[in-house]
Amino acid sequence: MATRDPERPVPFAPAARGVFDLALEGMVWSGRTVVMAGLLALPVVLAIVYRLVLARYPMVRLSAIELYGWFIVMYYLRFALPLMALFYATALIADEVEGKTLTYLLTRPIRRESILAGKFGAYVVTTLTLALPAVVLAFFTLMTVRGGANLGGAVPDLLRDLGVVALALFAYGAVFTLLGVFLKRPVIPGLLFIFVWELFLPSFPGYIPRVTLTAYLRSLVRHRPAQEGVSEIFAQVLPTALCLEVLVGAVVVGLAASAWIFSTREYVMDQ
Amino acid sequence: MDGMAETPLVEFRDLAVSYGPIEALAGVSGAFLPGPTGLLGPNGAGKTTLLKTLLGFLDPDRGMINAFGLDPTKEPLGVRRRIGYMPEVDCHLPGMTAAAFVAFAGELSGMPRDEAISRAHEVLYYVGLGEARYRTVDTYSTGMKQRVKLAQALVHDPDLLLLDEPTNGLDPAGRDEMLALIRDVSERRQMSLILCSHLLRDVEQVCENVIVFNQGRVAASGRIADLTGPRRAVYDVRVKGDATAFLTDLKDHGCEWREGEDGYRVTMSDGAGPELIFRTAREAGVQVRFLRPGAETLEDVFLRALGHEAES
Amino acid sequence: MSATLEFVRASRWYGQVIALNDVTTTIGPGVTGLLGPNGAGKSTFLKLASGQLAPSQGEVKMLGRAAWGSPELFHRVGVCPEADAFWEQLTGLEFVTGLLRLTGYDETERRQRAENALHEVALLDAKDRKIGGYSKGMRQRVKMAQALAHDPEVLLLDEPVSGMDPVNRRRMVDLVRRLGRTGRTVVVSSHILHEVEAMTRRVLLIHNGRILAEGDVREIRDLMDEHPHTVALRARDPRALARAVVAMPHVISLTFGAEGEWVTVQTARPDDLYGNLAEAAESAGVSEMYSPDENLESVFRYLVAG
Amino acid sequence: MPIYEQTYRRHEARGPLRRVRFWPITREALRLILARRAFLILLMFSWLPFVIRVIQIYVITRFPEVSRILPVDGRLFGDFLGWQALFAMFITIFAGAGLVAGDLRTGAILVYLSRPLTRRDYVLGKLAVLLLLNLFITLVPGLVLYLLALGLAPDQFWKWSLAWIGPAVVVDSLVISAVISVIALAISSLSRSARVAGIGFFGLLMGLEITRKTLYAIYGRPETALVSPLGALYSVGVALFDLADRALTLPWLYAAAVIALLSAACLLILRSRVRAVEIVQ
């Protein structure tokens, strides 16, 4: 490592890496991660039940591939990933403020951007190591049903889904990081965002779905599970290029805004 | 408070209480007589555990405890009704004004609402928070929060007050006023209390009897006067001017000295009186500004009882 | 005495509450005691000095650079916050090495420095235990360890000994005095007067966000001496004592206590009274003498009353 | 030495302990939560569906033929209460996440438990807060809607065959309010941070709800509703108002059993978590 230069703050990368390790330690081994792992593993359990029961109760209305598609769109993209992002990302800074441990980081020779970067890095690593294996497990559990003839063909689907899952975690992560840095009590607004904004608006006609992340994420995935009622009629599919542009844009803008707010805000931790 | 044998308010014999694997109290016995009693010991010595067992929060592993003749594990409500508890932790309810909070505490103690409200105002005036009683407790300074905690312990006029580190985090002015308040509650209002603290001077200023705890055992107990009776004449001295010559002269005269809480603690050589101090001061050219016969303070009792370097 | 820390007409308010009001002072090497009741502005003063807050008005300079917005200062500044807050699942060693990493040290040097710091605060044997299991005194000491592990020139300590029992308090007082003697600039805030007096002579009295008095404690006490003092004395022969005292020029009044042993004297020039009281005290057998106006607490209360 | 007036008298009244010991807890908590503007806004929005339904009933009375498309019968109330359940979740989380978690974190629980109060009083007091708030957005609008319907459209409503709707509204509202309140309180007691409790509550309820939908999508059997508390709640609604939702039409006894089991589990959690001393393992 370069020798320490007392005239300038510690360079961005090593500082972020230091915050990353500290944050990862606290984030991964907390009891909450067990809860989140449970949340992500639920589809795998259902997939296993589906396989076992299939032998004795074959009249199922969803084939294995359809069920897998249902999980990706209905479970992961619209529920588990946003909730996990809300759970971790709003707390990146809020936990340190509430626990009054932020002072230790603010009194180190590092720029505040590297604190946020280190924390967001820890968020990404934690959530990816939890989410990706769950999706892969669900995929293989379902795809190996009835001799797995079509397994080879479906793998590109899996890779695409893993990409979209990662993108979703980044996008929702950036949005909720911003929410966590901006609002004192980000949870209720976050829940309203997930269970009202992202749940209902994507099924509206016209341009309205474009203000939600779900519409873009859903368009990137090739699965089109049967949705009930009205949302069936208006489900739009947006061009892939546009979706990638918007999602990556959301990540960049979200993180930049969070970094700016975090760097200029004073944290008064009264006694 | 004459010395005739009064029935103790609280009695405990061979009491052992543990939190999971940690044995907080390892068989302690003792009693709290009416009037003020000190409960002394370093942080984590088991003082708070005893208070919480008394309130029926913890079930003892073995041994007996009773308050006002009731067993807290069997009749916690009966015991708690007659106890006012001032916990060590901040325990106000966010968003509530002091008046509303203290009245609420009164109601929780079984008082009818309007009686609780009028009592709350009366008690808040008594603890000196008269003007600030309509502000929310979050805006209070640490000193004022301590007084609100005392008020919520007093509002239902208990027979026994449990004060857990009442002067914690207070500045000198705040500490003196809180201790004056506690002395007033105990002397003028005839309310018995247990003052649980690790600050020695506080206990000295309020209580006659003390029980010293350490690592879950009773290290010493009895009247403070007996525990700290002076063996050799000891004086607390403060001088104005350069004290080094004065101190070395004292050593030559066979006295020992060490740095005390406020000034030097001089242990006189046998037979020597305070005149030696004045004479040595005059010869060393310093002014004696403060002289007080310092009985062995509780700190000495404390250290001796704990075997000196107890890691706390 | 080069100024390590400089406040130039610095003020700070939160909404309408003025926390620090037009403060100008300079602090150099050695230990400086920051003294004031709770809520007087001590914490705000330290937060401005450590760049955690920007002044609403005026300037706060640390080592020649604006404190706010210059993170590089923390290579040379160590801060011990007041809150009892930790990452409970880390061990003492992990806590200090983790923070040293954010100060730019590499693996080996981090571990070495962390162990030295833990040794300095007598926590080396507890280095592998989780902070969650530490006692109050040990937590306060590991907080000090992270502040001094990178050998900073400046140390800002916010109530380092509050809530500690005598054994730990004395250990911390000695540590601060040792740090002060090595030429570092140490600012210690506290509301417990005799602790600060034990650590240093140089004191900054702060109240309602303003600097009330500044300088050597004795200077402040001498300032006190220009004002009338009442002195209470208990003597074997109070009448003899009274006869001697009455002859002194600046005695204003003299009263006898109810039980007869006590004599209370009020004097315009306390220095004179104490100066030539020694013979009379010796012959009259004075065994107790105190004056409510005599300790730092009274200095404080007197100046605060204003 | 500060001088204190002699107003402080020893308070002699030692009346018997009031029977209803928990009420002050409820009253004060309500007073505090209703003082928060954001909460009042949320409460206002929760009454939006009520306004829509009133318009619907009014339109039907003016243009009777409309009632063929939008019939005014049990289904109107069933759907209405279904929507209110979602609002109830947000209201409950806003008010309830910190109800117990906050006390456990700040140690304020000592204020309660050092008093002549049992842990049961404490739980009842806190539960009543959520129950009343939820009933305010389910039972109250539901009954008002029913009376309004009777008043505005007596010809269609004043029929013996529709007389069961009133009691059905009461039962459904009580079930929704009670279940959501007790689950939220139990989850609030499981954590020391209101944030975690809030997210945990939604994660659990919505997660199980999606599981139910998945299982139904696969097996098409209504019994799958028993997997999710919300599913059980909706099934009760479907049964009471015979709504046309095949995924949730199952004998109401099963749903009632699941709900009873769930509530008992929550009360057990509360009993073990609400204590004055943190048992440190």
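By written order: A, B, C and D. Residues from 1 in each chain.
In this section, contacts are C-beta pairs under 8 Å (C-beta built on N, C-alpha and C of every residue); 3 or more make two chains touch, one makes a residue touch a chain.
Quantities reported herein were computed from a predicted structural model and do not represent experimental measurements.
Put simply, the chain farthest from chain D by mean CA position is C.
When the C-beta contacts at A-D and at B-C are tallied, the pair with the greater total is B-C.
If each chain is reduced to the centroid of its CA atoms, chain A and chain D end up 30 Å from each other. Averaged Cα coordinates give chain A a centre that lies 53 Å from the centre of chain B. Centre-to-centre separation of chain B and chain C, using mean CA positions: 24 Å.
Per-chain CA centroids place chain B at a distance of 47 Å from chain D.
The multi-chain contact residues of chain C, meaning those touching 2 or more other chains, are 38.
Shown for chain B are the residues that touch two or more other chains, namely 142.
Touching pairs of chains, sorted by label, consist of A-C, A-D, B-C, B-D. Residue ranges of chain C in contact with chain B, taken from their complex: 36-39, 135-137, 162-163, 165-168, 191-194, 198, 218, 221, 271, 274-275, 277-279, 281-282, 285-291, 294-295, 297, 300-301.
In the complex of the two chains, the chain D residues touching chain A come out as 38, 86, 90, 93-94, 97, 193-196, 198-200, 202-203, 206-207, 210-211, 213-215, 217-220.
Residues 32, 35, 39, 42-43, 46, 50, 57, 60-62, 67, 70-71, 74-75, 79-80, 83, 86-87, 90-91, 94, 98, 187-188, 191-192, 194-195, 225-226 of chain A are the ones touching chain D in the complex.
Those residues of chain B lying in contact with chain D across their complex are 19-22, 52, 55, 57-58, 76-78, 80-81, 83, 85, 87, 89-96, 100, 104-105, 107-113, 115, 119, 122-123, 125-126, 128, 152, 156-157, 177, 180-181, 184, 189-190.
Looking at the complex, you find that chain B touches chain C at residues 42-44, 141-143, 168-174, 198, 200, 238, 240, 259, 261-262, 273-275, 278-279, 281-282, 287-293, 299, 302-303, 309-312.
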